[in-house]
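The same subunit A turns up in both complexes below, where it pairs with subunit B and then with subunit C.
Right, the complex of A and B next:
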């Protein structure tokens, strides 16, 4: 009887959060998945009027811009997971062990872009990178950075990294502060040099923090939309589309295809990618722990 | 604990009930469009709302403007959830098909009274606003879509302005572009991220070279009824390629939109001309170039393929309002839209520099003699004889492939031949 009362009481406490989670996360996700099998322009009141089976998926499979968006998404994720994480790690180690006088100010300056709205960041960098922008003025060039197919995604990665590196740095800094200093003192006694201390002791000890930062950056990379939308709108000619902006193009863009069913199938692809990576991470983590 | 839960639930219910009581006292008509930034429309609607509310006590009109780019982000969820506004603009073309098919729009032809039909005049038969022979969108303002140039900049570069109604050729624009570039300027500001900027210019080029005009050859090609491998389509693509490859507009244009970036940079005088502009911006033109006794801006049609090409214009209606067929205030919504189509409504538009769609309802000669010189030229351009280009098509998929093809051509990734081949394939032309 007491056990049953406990369960009911627990459920009641959980109910509001569970309700919000179901209504705003699970239900839209299921609806989106089902919608990917229907032809829906976005204007009809009935979402599930015209069943088209796998046509939407076939459509994106045959669309070269989907593959460009997929490649760009993985490029952005690669940039976020490895480049952003790597730079944040090195910066945090440098600031932590550097014992700088204005360490707090330096960290605040690096963290500052994180509190800005991505749209504001995108607008500022657009002004810097446009053909008559600040960068070309400084370099004395007339180069169209954002209209270059080969460079545009790397510029987006650079802007994204610039904005979010402070977030990763703050997490790493917290990890460094929790390190066991005695290990480093012991390595001093053993005659280890700085690079040995960093790469053989500090970095391995920060591995759990690194995993956390990589996961957060991976999720952020997959969700990137505003930076791309503001900087390039997925252009030039869809060559900087990522999956999120490609989904938007199919679903909402003015003069666009008006096919939210196709947008939903792109959303499913994003979900499948993240799910695959999440499952892989759990499997790898378990194997590491087992070993 | 359960008592706390009941108290919380009761509090939430009370808070929600305030919203219900608040709505009971006055009727609200919601009107939306995408004309954010168009001062003439904003001011005209302010007058309409004032007049309508005065004539209908207890009725409030809430008017919201979005931008072209973001409009569907609002409209689609609103309509599909059944919470759509009472009156809303719809992009002619594929969007109108979808909205009509979903049953959201009042059939104006069937439901308008005789007075309203009289005011609409021949506009009741505008094809791009109609489906199945019935009008679904009430036109508000009319425009010629064209290029505007600063007269002093043209003179500075050593060129003469063409006669009114005429335009520069592609080659002349190449020369202007080179001269402008030497002075650190752009020949044309261009915002191709907004796909209609690319498509409408293409339609104009095609119409210039259309040997079967007034047959809508572009429409037939989009339907796959005729081949794309014809001089009129090749010439149109080559015109675009020539303009882009010769730097008439900056390479950066490929990432620029029209409404904010291209227009904004033209206002800042970074370019001599603004491409795919229109009379909708008469009210937003720089005032110092549109004074009572001196007009420093010339409007002209899209570039001519050659000096022998026939004058071809893109004339259409701009804001086109539909009435929500499921609106609880349908009669009031219809009355509001009818007001905008009245002769007084047309005068209101004109007073704020917007060319009214119902020109038959106003004194054209008086309109064209207003103190707003750019507005006068807009009226004259609308009345200028020449080939008229259809710019509103419903074939969304082929238009998408055409736009993507042209943008890739600008990037050097695809050729004119490849675009032609792809268009024949995607439109299902079988020869």
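Right, the complex of A and C next:
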């Protein structure tokens, strides 16, 4: 600290950023929670006129597609947290210990989709998965992948994983690079084989990295909207809707119900999910620190 | 150094032929999965419109042609009133102004968090960290009305301010951590020499913080260049569509679009990013890793 006491000119450094953060992040965040108790649509200028209590929440509670969107969101988050993390762990270990000549190039290629816009990625896959797309030509099938109610969410998970796997991979790789090699050398002397080394030394040592990757993927899973938007628009019917896209459908979509209040109550649910997870994270962290 | 270490404990892995073959097969499989969709889209985009549905081994065109790229430009302008040069210009304007605004404000705020005193500092910082986990869509509806209220909806300013509100916490987070790692001796020496706090920031901290600022620039560039939902809803006027918004319009429009034109449109958005990535890949990977590790 430069100064022993608070000085007024400190505010000159802080206030510009704080002002924008408060006005364009905290204020709308709080307003969003309040708006979920009001009824209003896109064309109204005064928002807080029709107080409807819990009507918006009752509306989504009785909406079968809301529950599908909630289930799909959890499915997508599950895919990101477990499938994506698992594959990334395997790939990072394979590249790191595999003595590849071009390991930097391999990492760059797998990482590359992360820098693309999810919109571009979604459109690339959309053509591949269409009924006359190349996937069916390769497999010799004539299947409409994106109109399958049971498969569509898994395809979205696959495309999401395809895009973000490299992100988890490079974080794992950083974890591997800072690994304590003494244990590995000791196990060499003990004559451990490669699978024993991976499963009883490397994977347990990477546990802190695994937790970090899981948290990042969990946040990313809740964010996914763009890929759903271009790949299926929530269809067939609303069977691939996630909370974020259902919020969009209720409040902004052309041809949607244009019920902003209901959209705000969906935002409330997303907010509640993230908050619950954040609190759980703090509690778990404290418990780990105690032990 | 790093390389010799790696080979050292890779030694036992090298001795196992099963591990050797397993890694090659698995990595090759994933490389194909990553590369094929992009290569296939590229292949579609360079076929002549007559031969667009056929190719050798799914990938090699019978007839090369850039016709699809011409068509993509005209299709976007005639059918959907969006133009690619305009989209790129819009994205460049939005991205550069957002990145400059966010970085500048974050530097000053991060400095006040790391080197100055003010009341409620840590609780304010915790609120900022917590907000990083919130999905952008939660703020969508109230922000929309707020921007209408300010009379800036459908302008670049609307999206730039929305991005700033959303991304400033990340900038502060990364820069504060970095400022605090700078040895105290350096700042104390500056104070002894009679430097003001502003000189301290400008002359001592900022030159040392170049890597952290580079990290921030990369993260913010990717976040703002690729961002879709705010750009779509806060800038509905087709003349100010950014690249993702214009592309989404082309890719999901109800009009018939030739698959070659479609693929060329997608490739127009991918190729520039690919070139930038090819040049700066080390920084991209290091930046995103560093950004993640700061959480």
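The definition used in the following text is that the second predicted complex is superposed on the first by the 279 of 291 C-alpha atoms of A that agree within 3 Å, B and C clash if a C-alpha of one lies under 4 Å from a C-alpha of the other, contacts with A are read in each partner's own complex, and residues count from 1 in each chain.
Keep this in mind: contacts are C-beta pairs under 8 Å (C-beta built on N, C-alpha and C of every residue); 3 or more make two chains touch, one makes a residue touch a chain.
Quick caveat, the model's predicted, so the values are computed rather than measured.
Undergrad: Evaluate whether subunit B and subunit C can sit on subunit A together after superposition, giving fit or clash.
TA: Once subunit A is superposed (C-alpha atoms), there is a clash between subunit B and subunit C.
Undergrad: In the superposed arrangement, does A:131 touch subunit B (first), subunit C (second), both or neither?
TA: first
Undergrad: Tell me the contact category for A:82 with respect to subunit B and subunit C: first, second, both or neither.
TA: In the superposed model, A:82 contacts neither subunit B nor subunit C.
Undergrad: Which of the two partners, first being subunit B and second being subunit C, lies in contact with A:233: first, second, both, or neither?
TA: both
Undergrad: Looking at the overlay, what does A:43 touch: subunit B (first), subunit C (second), both, or neither?
TA: In the superposed model, A:43 contacts subunit B only, not subunit C.
Undergrad: Give one of first, second, both or neither to describe whether A:199 is in contact with subunit B, with subunit C, with both, or with none.
TA: Neither partner.
Undergrad: Report for A:260: first if it touches subunit B alone, second if subunit C alone, otherwise both or neither.
TA: So A:260 meets both subunit B and subunit C here.
Undergrad: Using the superposition on chain A described above, determine whether A:247 touches subunit B (first), subunit C (second), both, or neither.
TA: A:247: touches subunit C, not subunit B.
Undergrad: Between subunit B and subunit C, pick out the one touching the greater number of residues of subunit A.
TA: The partner that reaches more residues of subunit A in the superposed model: C.
Undergrad: So in the superposed three-chain picture, is A:115 touching just subunit B, just subunit C, both, or none of them (first/second/both/neither)?
TA: second
Undergrad: Using the superposition on chain A described above, determine whether A:144 touches subunit B (first), subunit C (second), both, or neither.
TA: A:144 sits against subunit B, while subunit C stays out of touch.
Undergrad: Subunit C has the stretches 129-137, 201-209, 255-263 or 273-281; which one runs into subunit B?
TA: It is 255-263; the other listed stretches have no clashes.
Undergrad: By the touch definition above, which subunit A residues appear in both interfaces, subunit B in one complex and subunit C in the other?
TA: Comparing the two interfaces on subunit A, one with subunit B and one with subunit C, the shared residues are 9, 12, 45, 47, 233, 251-252, 260.
Undergrad: Per the contact definition, I'd like the list of subunit A residues that touch subunit B in the complex.
TA: Touching subunit B from subunit A are residues 9, 12, 41-45, 47, 65, 130-132, 144, 146-147, 149, 231-233, 235-239, 251-258, 260.
Undergrad: Which of the residues in subunit A end up touching subunit C in this complex?
TA: 1-7, 9-14, 16-18, 20-21, 23-29, 31-32, 35, 45, 47, 87, 90-91, 94-100, 106-120, 122-128, 134, 137-138, 162, 165-167, 170-171, 173-174, 177, 181, 184-185, 188, 192-195, 197, 212, 215-216, 219, 222-223, 225-226, 229-230, 233, 244, 247-248, 251-252, 260, 263-264, 267, 270-271, 274, 277-278
Undergrad: Can you list the residues on subunit C that touch subunit A in the complex?
TA: 2, 5-14, 16, 18-20, 22-24, 26-27, 30-31, 33-35, 37-38, 40-41, 44, 58, 105-106, 108-109, 111-113, 115-119, 124, 127-128, 130-131, 133-146, 148, 161-162, 164-166, 168-169, 172, 187, 191, 197, 200, 222, 225-226, 228-229, 233, 243-244, 247-248, 251-252, 259, 262-263, 266, 269-270, 273-274, 277, 281, 284-285, 288-289, 292-293, 295
Undergrad: State the interface residues of subunit B toward subunit A in the complex, per the touch definition above.
TA: Per the stated touch rule, the residues are 1-2, 5, 34, 68-73, 75-77, 79-82, 91, 94-95, 98-99, 101-104, 193-196, 199, 250-255, 257, 270, 396-397, 399-400, 403-404, 407-408, 410-411, 413.
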